[in-house]
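Read from first to last, the chains carry the letters A, B, C, D and E; within each, the first residue is number 1.
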Amino acid sequence: MTTPQVPDPATLAPSEEYDLYFGPNHPGIEGNYSVRVRLKGDVICQAVADGGYLHRGFEKIMEDRLWVQNIALVPRICVPDPVPMEESYARAVEMIGGLEVPLRAQWIRVLMLELSRICAHLFTFGGNAATIGLYTNMFWGVTMRDLFLDIFEEITGARIYHIYITPGGVRRDLPEGVLERIEALLVELEERMPQFEDLFFNNAVVIDRATGTGRMSAEEALAWGVTGPNLRATGVASDVRRDDPYLVYPQVDFDIVTETGGDALARMMVRKGEVVQAVKIVRQAIAALRKVGGPVRCELPNPLAWDLPAGDAYARTESSKGELGFYIVSNGGPRPYRVHVRGASSMHAVQVLEKLLVGSRIEDVAQIMFSLDACPPEVDR
Amino acid sequence: MTDKPLKSHVRPPQDTMPGGAGQGCPAPDAQTRSIWRRIMDDFADHCRARSLFVLHYCTGCGAIELPPTITSRFDMERVGITPMVTPRQADILLITGYLSLKTLKRVILSYEQMQGPKYVLGFGSCTINGGMYWNSYATMKRLDQYIPTDLFIAGCMPRPEAVQQVLLKLIEDIDAGRANAWQDYYRNYDFYLGNQQRLFGAGWNTPTDVIGEARHYGYYGPGTEGEHTRLLAEGGGSAARLAHAEYPSTALTGRIKS
Amino acid sequence: MPRHGEGHESAHDKLKRAQTLEEILETALGFEATARDFYAELAGRVSKPLRELVEELAEEEKEHYRLFSELKANPDIAGALKELVERPAEDHRFSDFIQKPDLGEAPDDQAILQYALAREDAAAKQYAALAQSTPEGPVRDLFTHLAKEELAHKAELEKRYYEIVHSGGV
Amino acid sequence: MSIPARLNEVLNELPAIQARPAGARRVRVDVAPQGLPALLELLKGRLGFIHLSAISCVDWIEDGQFELVYHVWSHEMKLLVSCHVRIAREPGVYVSVHDIHEPAGFFERDIHEMFGVHFDGAPSMEKFILTSWEGPPPMRKDFNTRKHVEETFEWVDYRPDWLKDIERKGGGIES
Amino acid sequence: MSDIAPKYKGSMLRPLKALSFLFREPATLPMRPRPAAKVYRGFHLNDWEKCVGCATCQQICDNDAIRMVHIPALPSDPAKGIRPRRPAIDYGRCCWCALCVDICPTGSLSMSREYIHVSRDVDSYFILPDEEGMHGVRYPQGWAKDENADLLDLKRQEMPEEPPQERADNFSEICEGYDPQTAMLEASRCIQCGMCHDACPAHMHAPEYIRAIFEGDFEKSVAEIYRTNPFPQVCGRVCTHRCETACSIGKRGEPVAIRWLKRAAVDNVPQDRTIAIALKDKAKTKTGKRVAIAGAGPAGLTAAFDLAKLGHEVTVYEEKPRPGGMMRYGIPEYRLPYERIDADIAVIEAAGVKIRCNTKLGRDVTMAQLKGQADAVLLSTGLNKGRSTRIPGSDHPQVRAAVDLLARITLGEAFDIPASAVVIGGGNVAFDIARSLARLQRRAFGKVEVTVLALEERDKMLADEEEVIESAQEGVKLINGRGPKQVVIEGDALKGLETVKCLSIFDEQGRFHPRYDETDVMFHPAQMVIEAIGQMSDVSFLGEDLTEQLEWSRGRIRIDEAGRTSVPWLWAAGDLVKGPDVISAIATGHAAAASIHAALMGETEAREAK
């Protein structure tokens, strides 16, 4: 076997542009994703996203499982924020089947959704700071998030993949004393927020690096299909919980946090505000759950023999990444005929990222991607 | 996967006799090493076990449990384990859960670039027998068919404490000199290459000259070359392999509109 | 061949007079023999479905006969008796308050079984009564043992009766 | 849950349209293939349906058709309109609407990859996710993923000790 | 670097704020695994006592991770729905979603709080969970089934019934049956574990016909039923439903109403369609063989149906005016209306079976004639004579046998209805006659005076539970633990029955060994005493020489497992040889038909037929 000959560089065409593979093995990328950028010096003049590294063919194997069996699959679609996936799937099935979710289960779902939003944002605080080189925030964010995972473990029996929300409600009632422990944790989080601000949000270096990075205007955002915190960072107060309310969100009092900058900093500030709002919602949920009794799941037929009536439904949920949509079609059989998952990041991680990267500098690629909170498994499914 | 090689192929026995038939210096096995060599090896093992670098590559969904394991709550730095960005400097390759075929190619490339001795840990059910995605067309089912795996851990996904335990067990194995699954990649390269070609077609190859390395390290055994490596050679010399490599630099220009 | 049924009254007096163990066993063997011969003769007269049942009854009586004769031949009767007596046995009445029917010419299975049950019960009662009336000692032990044997046999018949009459031979 | 008046006016201007409410803040519109771009234009221009939430594709293999569903949302009217279009499965070609809604670029490429529907004029019909997949478009109903897996992969044949001594005693795994 | 906005210019001392961290609890946990939460989903536990091997966990597992392992040493009891196999779980597939735990009918499967298993050996990931847990360390239980997390529907659909006051004085049917919608709901509860198929003497394809009902295809359901049971109308009402005793859902909830679903299926298919379905596999060609069957009970007619479908010429001889045997003359109409029996028999006659009624074997036709006219003869005359306790006075004319009275009621022959009556016996027959008499009394006298005297205690009664409950609602009195002593007669008038207290019926080994308390005697005044203690067959029609030729065992004709007697051309089936219920009779009918068919077509070596 001869040793590999490397072509003589002199024979290559002269070019002051060169291509760089950013990922898939790169610490700055959240998950397994890559962007091929063409650089002119440090400035990016062309970016092409390349995903598919986390593709498992969810929508195909979901067609091969019973309605109830899919509740084990759906949380795995987006790893940092699994609860909206479970809730959206469950709600789409309920819309087709006409199932009535008891009030207590709805409040438990709101509690889970908001706790999961806090976890996802804490994780993004850490990640975003890491891409700027500020690792302390990563340590704090992930550790604080871990305390919330302990709460999830206590309620649902698993840290990350709860498999807790099922069509018709939730699988078990809350263990006693968990509401008090959540309140204590919220107080601890609120005590930590000032320290986060000192370290990160009011950090001069971060502000300088984040201002103007990956800026997009409100019109561009709306045109590009941006949703969630990224859209609110451009000043558009659009939130699925308010525009297309579901569960008991109409009864929940929270305000939509918006910024005007439209850049990485604004996006982080919106997320910080959303954590504060989420804490407010969780407190309301806890108060409601102390009053509302009753079952946590409506009467479900035997899962091995449950034919959902033919029909389709598009359930939209506000996940921490943006607008999450589950379009489910049933042909009256025991298994879904078609499930289409519209992840928020399928917009943010591909076309939006490619547009934002053009003109920005190579050291900002990771920060822009993390500030968009683009979660690759949502894109590849 | 148009021209698929033979469906099933028997994997040659693991432990080949020291001083095997192949060329190059015989593999240094425990008994014949000099006292001095054995002291140095044990000392090297001891030091290596205390400062393992994990390749920072989130291959699957289990990677979400790595930040807690590495950051302050479960802090694996206490036993000297920290993430490392590049394969060249990494010791451990964590396969955290399922591997889609596209990622499997990158994992094999990264694995071959890592310096021996290197260790592979399989997290969760997906690496053992397919896990949840057993009926998916897009994921590999058994990790130990494509790269040699030191330890598996049960879980879907394993908790940080479980990750701690597998890393501690790995440290123990390294100390005891048992963690040498990586040598198996050289000894039975044909078996691994066969499985890889079965997924990616006979033309699949990587720029690393594994057979040359096997000879260099002295792990060349009867399983290193065989029917699949012959297919590899037939696919043209190293130049062809470079041209046909997975990531031709011209791909980008083709699409850019001037 | 003594007419069936009346043999027992005279047996009571006969046994009363006999003192030694051998004599008692001798008379008991006599009763078993008469029962065995009675059933053997009856087997010939009944229709085939019942013949098997009656032959089994004859077989059981023959078994009894063998048991008692073995006991008789055993030199140390007293010793053997002691441990035989320990085994507990209680007295049970019949499921249908059975009276001893007059078998007549073509008795059916229920009639035969009721006759056999009544006969066993009468024998057991009689031995038990004799055991009460004799002082402590080998004779009393023998009578108790005989009573227990008859009771065990009756329990067996009771089970057969339930199977054939009540559950329709299922 | 009736159809808002303003929407009704717009819908009546277009030929071959059926619309019906489909739940809270949901309206379903069935439209002929050639009428869709016009419908999207009208909805976007007149009623503020600027947000294309998703384009879903359903493979009705028995009817030999693909059903494309365009979910558009209007921030003003707080309403989601799902426009359902049926196109023939062979040759499975349709027109791109990326000029009306920019996000369509991703969805069309995704549907092309997964179902093999070709969108004329789409910014890019290249593979994005399945670059390592040479098989047919996997989401089509005629592609059986289980059969493909059985042919391509082998399963672990577990031989733990407890199984061996159960087999020695005559037991074993039931098929 | 652009100049920093004043607001963010921290003072020199700002870093000192970090000193506050010195006094805070470190977040780092010790390097030991923490105990998991109370509902944690860890490695599986399985309570082998409760587990019955129904494999429902294997069905619900979305990752095909569970394999059933057959273990011969385990208890196996098809009648109670227990199979000697346990689930083994492949931790190379499992996703710990605990759907298997939530659907487990017996609640034996649960999850422990153990979550660490590290190994190089792949085989160690295939485990057979028991109570010890994966590594035998007995971790506490984590996720287990509770009422919220139960995926199974443990309540049965209500069966609409006539209220007591409406049914007390008439023989109209009590159960009104499921309407199609309720039937489909009830059928959806079935988890297809197949325990009922094993428990049923005729091995009916219950899972298949229940699934067909669930899919709304009642005709397919009827087709599945007719594979093994030509009496869906009858069995849908009066079967002893052993399948429901074995039903896995019955372990913790109410079993699936398998019997009533049979009825729902056949009630929703028009009679002509049922006939077409039942005769789908009728042989086109006649075999030219002739079979004579004595007794048109369930066994005889089942055999006739099978043989007719196989192309044989079948004639059934029945002594009573209408076919049906004990189904018609032993079961009152409020349980099984006669037109339902006729519907089933109509299907059988449509297969070409000729039934000759009012021809008693031994009187109108002899065994020799049967043998002459047919290549094979099947005896299925059943047990139609009542047993008497033969207690003193039991030969009085007012001491009647229950089966005779029930037959009279069906035949419509009038008999002097007693103002008060006493029934000896605690089985279904006793309650049938008691409730029939109660209806007749209410119609004749406006009040009910019937007392049932059962040997057994209230909780160990032989009769079905609903019989005992419904009879009490209709005014029938019940006294437990009474053994009959004697019938009290003054002059030639019957005064009543004397009974003694029965202390216990079975001894410790469970053998029948009644013990009485002689002193506790009760007197029950009654004008009639009805004995319902058992039945016997009347085989006098065989004649002397055939009786001698035949082999007998325990007073009944000896048959091989297929129902063939020692006489090559004679078979026997039904209660005559093997009881106790309709479904067993059907099962023996099938066996006999198959054996006859095999013999007639010479598949077995052609033993000298005649």
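We take it that a residue touches a chain if its C-beta (ideal position, glycine included) is under 8 Å from a C-beta of that chain, and two chains touch if they have at least 3 such contacts.
In this text, all values refer to a predicted model and were calculated from it rather than measured experimentally.
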* To do: Identify the chains in contact with subunit B as well as subunit E, in label order.
  => A, D
* **Identity of the most central chain, Cα criterion** => E
* Selected pair, greater C-beta contact count between D-E and C-E -> C-E
* To do: Report, in whole Å, the distance between the mean C-alpha point of subunit B and the mean C-alpha point of subunit C.
  => 87
* Asked: Centre to centre, by mean C-alpha position, how many angstrom separate subunit A and subunit D?
  -> 21
* Structure fact -> Cα centre of subunit A to Cα centre of subunit E, whole Å, reads 54
* Rounded Å distance between subunit A and subunit B, as computed from the means of their C-alpha atoms -> 31
* Asked: Counting only residues that touch at least 2 other chains, which ones in subunit A make the list?
  -> 52, 55, 57, 60-61, 64, 72-73, 143, 161, 380
* **Residues of subunit B touching at least two other chains** => 72-73, 102, 128-130, 132, 134-138, 156, 159, 255
* Chains that touch, pairwise -> A-B, A-D, A-E, B-D, B-E, C-E, D-E
* To do: Spell out the part of subunit B that touches subunit A in their complex, as residue ranges.
  => 55-61, 63-65, 67-68, 71-73, 83, 85, 87, 98, 100, 102-103, 106, 110, 132-133, 135-139, 156-157, 159-160, 207, 209, 211-212, 233, 237-239, 241-242, 247, 249, 251-253, 255-256
* Asked: Taking the complex as given, what residues does subunit A use to touch subunit D?
  -> 49-52, 55, 57, 59-61, 64, 95, 222-225, 227, 236, 238, 243-244, 312-314, 316, 323, 325, 327, 329, 337-338, 340, 342, 346-347, 350-351, 380
* Structure fact -> Touching subunit B in the complex, subunit A uses residues 1-7, 19, 21, 24-27, 31-32, 36, 38, 46, 48, 52-57, 60-61, 64, 72-73, 76, 79-80, 123, 126, 138-139, 142-143, 145-146, 149, 159-161, 377, 380
* Quick one: which bits of subunit D touch subunit E in the complex? Just the residue numbers, please. => 156, 158-160, 162-163, 166, 169-174
* Where on subunit D does subunit A make contact in their complex? -> 22-23, 25-26, 50-54, 56-59, 69, 71, 73, 75, 78, 80, 82, 101-103, 105-107, 110, 114, 127-132, 138-139, 145-146
